[in-house]
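Going by the order they are written in, the chains are A, B, C and D; count residues from 1 in each one.
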Amino acid sequence: MKASVIGATGFAGAELVRLLLGHPQAEIAMVTSESSTGEMLSKMYPHLRDRLDKRLTSMQDIHTIADVSDVIFIALPHGHAMKIGKELRNTDVKIIDLGGDYRFKDYRVFEKWYKVEHVDPEAKAVYGLVELYRDKVKQAKLVANPGCYTTASILSLVPMLKYKLIKTKGIVVDAKSGTTGAGRSLKLGNLYESVNESFKAYGVANHRHTPEIEQAYSEFAGEDVIIQFTPHLLPLDRGIYATCYAELKDDVTDEQIENAFNEMYGKEYFIRVLGKGGVPELKNVRASNYVDLGWEVDRRTNRLIVMCCLDNLVKGAAGQAVQNMNVMFGLKEQMGLEALPIYP
Amino acid sequence: MKASVIGATGFAGAELVRLLLGHPQAEIAMVTSESSTGEMLSKMYPHLRDRLDKRLTSMQDIHTIADVSDVIFIALPHGHAMKIGKELRNTDVKIIDLGGDYRFKDYRVFEKWYKVEHVDPEAKAVYGLVELYRDKVKQAKLVANPGCYTTASILSLVPMLKYKLIKTKGIVVDAKSGTTGAGRSLKLGNLYESVNESFKAYGVANHRHTPEIEQAYSEFAGEDVIIQFTPHLLPLDRGIYATCYAELKDDVTDEQIENAFNEMYGKEYFIRVLGKGGVPELKNVRASNYVDLGWEVDRRTNRLIVMCCLDNLVKGAAGQAVQNMNVMFGLKEQMGLEALPIYP
Amino acid sequence: MKASVIGATGFAGAELVRLLLGHPQAEIAMVTSESSTGEMLSKMYPHLRDRLDKRLTSMQDIHTIADVSDVIFIALPHGHAMKIGKELRNTDVKIIDLGGDYRFKDYRVFEKWYKVEHVDPEAKAVYGLVELYRDKVKQAKLVANPGCYTTASILSLVPMLKYKLIKTKGIVVDAKSGTTGAGRSLKLGNLYESVNESFKAYGVANHRHTPEIEQAYSEFAGEDVIIQFTPHLLPLDRGIYATCYAELKDDVTDEQIENAFNEMYGKEYFIRVLGKGGVPELKNVRASNYVDLGWEVDRRTNRLIVMCCLDNLVKGAAGQAVQNMNVMFGLKEQMGLEALPIYP
Amino acid sequence: MKASVIGATGFAGAELVRLLLGHPQAEIAMVTSESSTGEMLSKMYPHLRDRLDKRLTSMQDIHTIADVSDVIFIALPHGHAMKIGKELRNTDVKIIDLGGDYRFKDYRVFEKWYKVEHVDPEAKAVYGLVELYRDKVKQAKLVANPGCYTTASILSLVPMLKYKLIKTKGIVVDAKSGTTGAGRSLKLGNLYESVNESFKAYGVANHRHTPEIEQAYSEFAGEDVIIQFTPHLLPLDRGIYATCYAELKDDVTDEQIENAFNEMYGKEYFIRVLGKGGVPELKNVRASNYVDLGWEVDRRTNRLIVMCCLDNLVKGAAGQAVQNMNVMFGLKEQMGLEALPIYP
């Protein structure tokens, strides 16, 4: 299976390359970068040295790339994938987009939150959260890989919403991300000194992952759900931690909560449910495709607190993309993703 | 003014020593430690070398300490201060306790959350959050210095509660602390490898700062307030960050919020209100007694989000204690506390 | 192939478990811990959750362990392995010791630097630095896995000594290690606050890895070599960085240096020679079995500077041990060790 | 005393502002930045909020700045200060340059290592390492503030060279710096992800601080000294750590070494000599003007190892500059610099 990575020099792109190099059934066809066309990727990312011998090409020649690829991963900022997707509509190549372009059922939601016109509104994309949409992913030709915050937030509360255990009003998701979530751009806020020994909120009340979370919550709740979502920046490389607050419906028991999580995730390879009182730690999932999830109930407030963490570059981006690829091509779902977390 | 520090070898105790050594009107009388009695404090904390020439004594001889001190700071785990306070009731020495013993109006709240009997329930302690209780602190002989999470959480929402701008139901405080907040004890969770590159919640639904925050909220709201409080552990040395969520009452405007903050904090030396859209960053207050506070309103959810940060060892412990001392002794409030934050 | 890990709860032991779980030909037989006998290892190291279902046993019953194992890894502080090695002398089980007990040709060197009597002086152990002693390792029943500082230091200069390019007097190795090198013991120096944002030397002029490095240098030089070795503690989890200084012999050219490195390491899977002017970075080898190595010549001083880095838990401990296992059992040398470094 | 800071938006410039704001005899006249002219400095560095109410001006109008200033600090990359110095030759304003322009007795050394022509070769500058050149600094109108690596390296070995205790050949200085030493420029190597959990050498065999160290060593040795100097990048904000290796002359005793250090530094406020076996730690000097220094002798190699650390932004830049100002203006040397290190 030949895979190409469009936008291989960002953190997610480089992580895709790392994972694909370790995948027993995948072979990297082409890697692209518009800013570093012609360079060796292993020069920019020397951790890949001796294992990848590819020069970066340009995505301008997307049809050539499609010709030599069974699957194309797009790891670019939003706005590019929809052009590529449209361009390759009538080819056989499968596409997995790691950006926001194809994540919304209604393209107008995208346009509203991302402030750009959607050029491919009639595309038929599948939302690639395999644990929730496995059957659709199997059939998909175009997959929208979920965002990092989104994956953690959705997995935290969807079982509660599906089984009607929590109220749909008043949900708060207080989320925290490692710095790779902010990308690799050269700005003061990304300097070591800006991040190290610090912590801050950002995108308060207007972060683009909000409507993506709400879309999944609403679908599983069967009604419109509006949430409060606040991201923060952690002084560490990798990881998403979502602390999710929701009011329990009357008389909901711990057992019902336990059952709902087990029902949905009990057989999932990548989701480890720690159960009531279990508190996940970011480091226990680092560099792996695992999601760790625990919960607690506060009977003083009748509120459920779900804590969920994952590695934003793996399950929150490249790993999930490979998981989607595996499902799309009928491979074993965890193929190439079995590496355990790196601790410490 | 002669000051002694009971429990000088913890992080808060050592920070008190640092601040007192730089205070123009204070002189350190005695420093104690039960586990290291007889040792030089500067041997355990070499950053103090050449500036402090004191051996640690035992607090067993508390009356001797009281005799040579105008003020005694107690920087011990809860349970000790109430014995000292009782013992020194009839002396002239002023006491500032950095622990939980005297923070509650109703000693039974202490007993319930801290699971120990209170041996000095009839003590008359003042809650030493100067910005809210300055006049009482002026008269106080015994001050309960607020907790670190507590200071940030209380300052965030008290203006909103006082001016009746938010609903008292459904408040969520999602808080994050640097590791010094966890103290200096030898346990696996405090090792470098456990904290570095990680993040986790703890004390979910049962942290002892909860009733302390609720006490202040209730007082200013004029009614009982129950909140959701969740602390988390940040991979950094110093800092508290509180992200506070509250539902606005109907028709509350941004201007009303702005006014309420300005009314209460506009003239405060140590509180810097960043205003609507302002997002505080932990590093901007590090090693200082400042509190930075910003807020945003989400009109989709009609919710107010207040973000507040401070250095847990300074404004959250030792600095606030010195501020209390200054007020109790009629000194300029910021004396010895004017050092700017260390950045980066 | 059945492998047991004696001392599975230290960092090196846990890393061995991680690597063995990902090894296609290995199966974990038993894991031991004297302090946590009876507990689940995955409870102490939750990153292993769902993948290892073993209780810790005691190493007291070493013959039972040997009976069910093809190979035993010993990841204990020095002093234990020599007892186990002696006890199992007449069994078939192969032993790989990650500690210092068997690393010296002359057991008296061990006794002098480690200050304990050697109880198994007549053992025939092979020094398991595969890149230098591959043929011996193939035949070995008992392998002494090299230390972390040692591996980096030896690999840096052995080619220079073998080809007589540097003087044997005046060698300085200034080395830096991440905190996992200090182990997982509960002491103040291992707390987050002691390590974070700090840096210090330790073991100056008396670190136990000194004679181990000198042993290899002397062997390849064909004469006794005495070096200056200084370790330092880095504020990060994993990694060894050795900066090695040696005076060049007269008229040695860059080309000779280049050739010597290529001659010895050009075909090595795990050694990546960056060449003249190449400067390795710790992060480029993290969580992998790679060694990155670069060098520079200062013609003002006629000195060669070799910089070498590796992950102390992988190539400096568990990874190297698995590499030894692979060679001892005739497997492909890189089996189970092909994972790329984790970046960032 | 009115002080202006040319280049106030770099890390050293901002640190100067912080220190001057806390200095009892200094007042900030003007602050400049060419890239942010017109902006409030406290907007770029919010830790200064509420304490500095100055807009950044341009240094183009240097005579206006000189007119309102008693002293001008120049915190710019090399190449600018020599123009300003020349321009202000005939004014009364005193100048303290934190860059390299005026550090060399022989301007041709500057030209050789910095690769630019010196436009002010006849200037009479004093090298502002107060502990060594206090009397000259008292008389100076133009002071060249030493570099950060330089200060640590020079202070480590000058007593040994002055008292002829070490050989002048074969000196190795292996130095490590926090990231603020690399400045605040927007490049990939300065991103959080590039620095965090990593470590590397840089400037091997060609760093510009080399000739500056050699100049001082040579002066105190009374002969030309050529050294090996290697800087490395530490994953932390602030700090320089120099590990210095020198061969002892025959029969030099520990006592002679001890005496030499005490002779030169025994009465220095800012130098804390930890003595034989003492190992300084970076964190113990953080955010202070202190220099901690310890040493060990290896009798196996007859080599002395001196370890020295300081905060690169304080004693290595802004603090040392203020110390120079104090001496130049006849103030108490430690005025405004008495703040203790921040620990942890």
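Keep in mind that, in the parts below, a contact is a pair of C-beta atoms (placed from the backbone, for glycine too) under 8 Å apart; a residue touches a chain by one contact, two chains touch by 3 or more.
Since the structure is predicted, the reported quantities are computational estimates derived from the model, not experimental observations.
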Label of the chain whose CA centroid is most distant from the centroid of chain B: C
Which of A-B and A-D has more C-beta contact pairs: A-B
Between chain B and chain D, centroid-to-centroid distance (C-alpha), Å: 37
Centre-to-centre distance between chain D and chain A (centres being mean Cα positions), rounded to whole Å: 46
Computed distance of Cα centres, chain B from chain A, in Å: 38
Shared-contact residues (touching 2 or more other chains) in chain A: 11, 180, 193-194, 196-197, 235-238, 281, 283, 286, 344
In the complex, chain B residues that touch chain D: 11, 14, 18, 21-22, 45-51, 180, 197, 237-238, 272, 281, 283-288, 292, 338-344
Chain B to chain C touching residues, read off their complex: 11, 179-180, 184, 186-188, 190-197, 235-237
Contact set on chain D toward chain C in their complex: 170, 172, 174, 176, 193-194, 196-202, 204-205, 226-228, 230, 232, 234-239, 241, 243, 245, 247, 279-283, 286, 296-298, 300-301, 303, 305, 307, 309, 344
